[in-house]
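Okay, handing you the structure first.
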């Protein structure tokens, strides 16, 4: 599939001889919302870490928007247009909401030490632009100005998740990777999240790839679903196709908490 | 933090908020400037010399604060950069007859290059490796200064001339006191501006969570290197004026103990907090003056203080303040 | 002297030096293994070991004399005492910091180092203390090479301590638990290993080995002072890194390699003995840059 925005082919990863991913082929089309599901320990987050440059797969190729990602360090991957959130919200502690979101703008701005020391007009303009853009991102995810100067980790959990998404949006990505964005959210917040994911794609034109355990949410929001089990891609298709795929059902039934996870 | 805020924390925040008002802030700054200006006349030469030393420490501690407080890198050989600055001035002015003001940028450049050479390879590694490598580097510089003919071996260099500035011969202790006042003010301004900049924020991100910082598009190694080199430049400038002030330098001025004292200044007041670091520098220099009769126990007092601070108040003695942005 | 003489002479020097480095490096690497901390105070435990060995020897000399038997008794007493000091340091200073940011615990370790140094500094006034012994000057001649009995005893003692450690770590329940903790502390806890006890034992053994080296070094070189742990701490770290930090055989190997490198390094024209220390640090920096996992260390892909 050459038209894909993100393309993984034959990606294999092992830690100290333990296979984590084997020969994974996977695509995300431009403008798509794609979900990656699978039992715990299937290697979903490892796949994210391979895409974002934190893990170096032993073999395979990952291309994104014409870039070969495997050679790139994580910050270069981000600069090329992939942003991510983390499974357990990882906001910068002791820093404000605004400062957290501003981190996303780093790779899109230039001012260095000398400009900052001399307070050059270009630097001040850039600082203002960073703040403006980040305010836009925060407004987009529904975090109000009264929260900008609060220490991010003191916010309610649902809002911390939103701040994390705003921070990822501030990197101006073409593809957003969300690692279990619904974990810990209540039903109402999950509905907001679904709406937010759709708006990210529709209003900002950002493709979304999410790892999620909440199958209800996955079925609602994603056009394509891929299923990872024991490091191998076992199924790919629309929600309907996945629901009726015997391999998928088997993979989930192998799990003790199968019912809890597979509530089709 | 909200649930754990104690009444005293809230009181402190309220007092701090009072001082955030512009009128009071500028008033405070004005008062400090006036006090700095009248100090030599008011307290006499001995106090002036001690204050000069304290101001030098303000410069050095603020420089090290960029490395330790902002970027979270432990540098145990910071005195090496101080030495590079001092010896570059000494060698260039004595052996090559270069004017102090022309030698100054060379000293800064030399320290920056040394920073890149040491930091470049090691900043990729675990942060605790950097601590040991910097310790080793500090010793290499001191040993080299003690063994090389050009640095005057163990006796060091003497007869370093005092610079002229637009017809003003910076010669007396009071002259140097004012020079160091200017340097300290410069160091404070530069620190504040860096702290509230794109690079300054990047240091904090890397310090709080390297992985996430990288995921946000920050080049962790480059950002750390920038902190390391910035710190080196502060030290080199301090070292250059230190050499000009004393006229003589020797390897023992740049020992491990020196690095540790500067580090203590950074930690005692509160890593990363500029007023805290300034306070720390004054404690480290003025403390021993007050504890004179303790003799050899002085360093012991500091060591125990450092340990107690780390165990009971790792954020330093300067009060927590609400984060501005 | 022929080239062969120089080589064999430096070989002996390197072995003696390397034994000290290896003993201190072992503690460094063991402690790093279990709590991932570079214990800056480790070199100072070597120094304290030297002083306590000296005091012990003064106490027992009237009964057993101050030749090797007396020194061994002193060394043993010093090992016990310093081992306990190590355990106390871990409990008081490091344990509360284990969850704190890495920078904080590193600074705490530095503070502990400074407290130890300055305690001894204020007790001794910063002067060298003569470590008086009745050690003889005898030895054997192998051709033109002279090896003193002291050098032999010293290297042999270090060897015995290292073999004992190796047996302890590989053959006993405790040793296996120690290795388990160094691989994965949380998992070990789940498996029912008493992690705090393992950490305490590790600190005890590591500190005791440093004390053994300190006592022997004091007796061998004849003087001790408060700052003697600084350089050796740095060099033992270098040795641990050369061998691969966290690896016990690596620390032994690294110690010997560094000892030999230093001994031969002083023979390189233009380097000479005054550059010996610079030479070691240059080795450290080179190893860290070229092969940070060391010779026997395992490279691990960092996991988030």
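Observations, loosely collected:
We just call them A, B and C in the order they show up, numbering each chain from 1.
Methods note: a contact is a pair of C-beta atoms (placed from the backbone, for glycine too) under 8 Å apart; a residue touches a chain by one contact, two chains touch by 3 or more.
All values derive from a computational prediction rather than experimental measurement.
Distance from per-chain Cα centroids to the pooled protein Cα centroid is smallest for B. In terms of the distance between Cα centroids, subunit A is separated most widely from C.
The centroid of the Cα atoms in subunit A and the matching centroid in subunit C are 47 Å apart. The distance from the centre of subunit A to the centre of subunit B, with each centre set as the mean of the Cα atoms, comes to 41 Å. Averaging Cα coordinates per chain places subunit B and subunit C 33 Å apart.
Of all residues in subunit B, those touching 2 or more other chains are 211, listed in ascending order. In subunit C, the residues that reach two or more other chains under the touch definition are 304. In subunit A, the residues touching two or more other chains are 54.
Across the interface of their complex, subunit B is touched by residues 37-38, 40, 93, 96-97, 100-104, 106-108, 110-112, 114-115, 117-119, 121-122, 125-126, 230-231, 234, 237-238, 241, 274-275, 277-278, 281-282, 284-285, 288-289, 292, 304 of subunit C.
Within the complex, the subunit B residues that touch subunit C are 68, 72-74, 76, 118, 121-122, 125, 127-129, 131-133, 135-137, 139-140, 143-144, 146-147, 207, 211, 256, 260, 263, 267, 271, 296-297, 299-300, 302-304, 306-307, 310-311, 314.
Residues 1-2, 190, 193-194, 196-202, 204-205, 208-209, 211-220, 226, 230, 323-325 of subunit B are the ones touching subunit A in the complex. Across the complex, subunit B is touched by residues 52, 54, 73-75, 78-79, 83-84, 86, 90, 92-96, 98-99, 102-109, 111-113, 115-117, 119, 123, 126-127, 130, 148-149, 151, 154, 167, 171 of subunit A.
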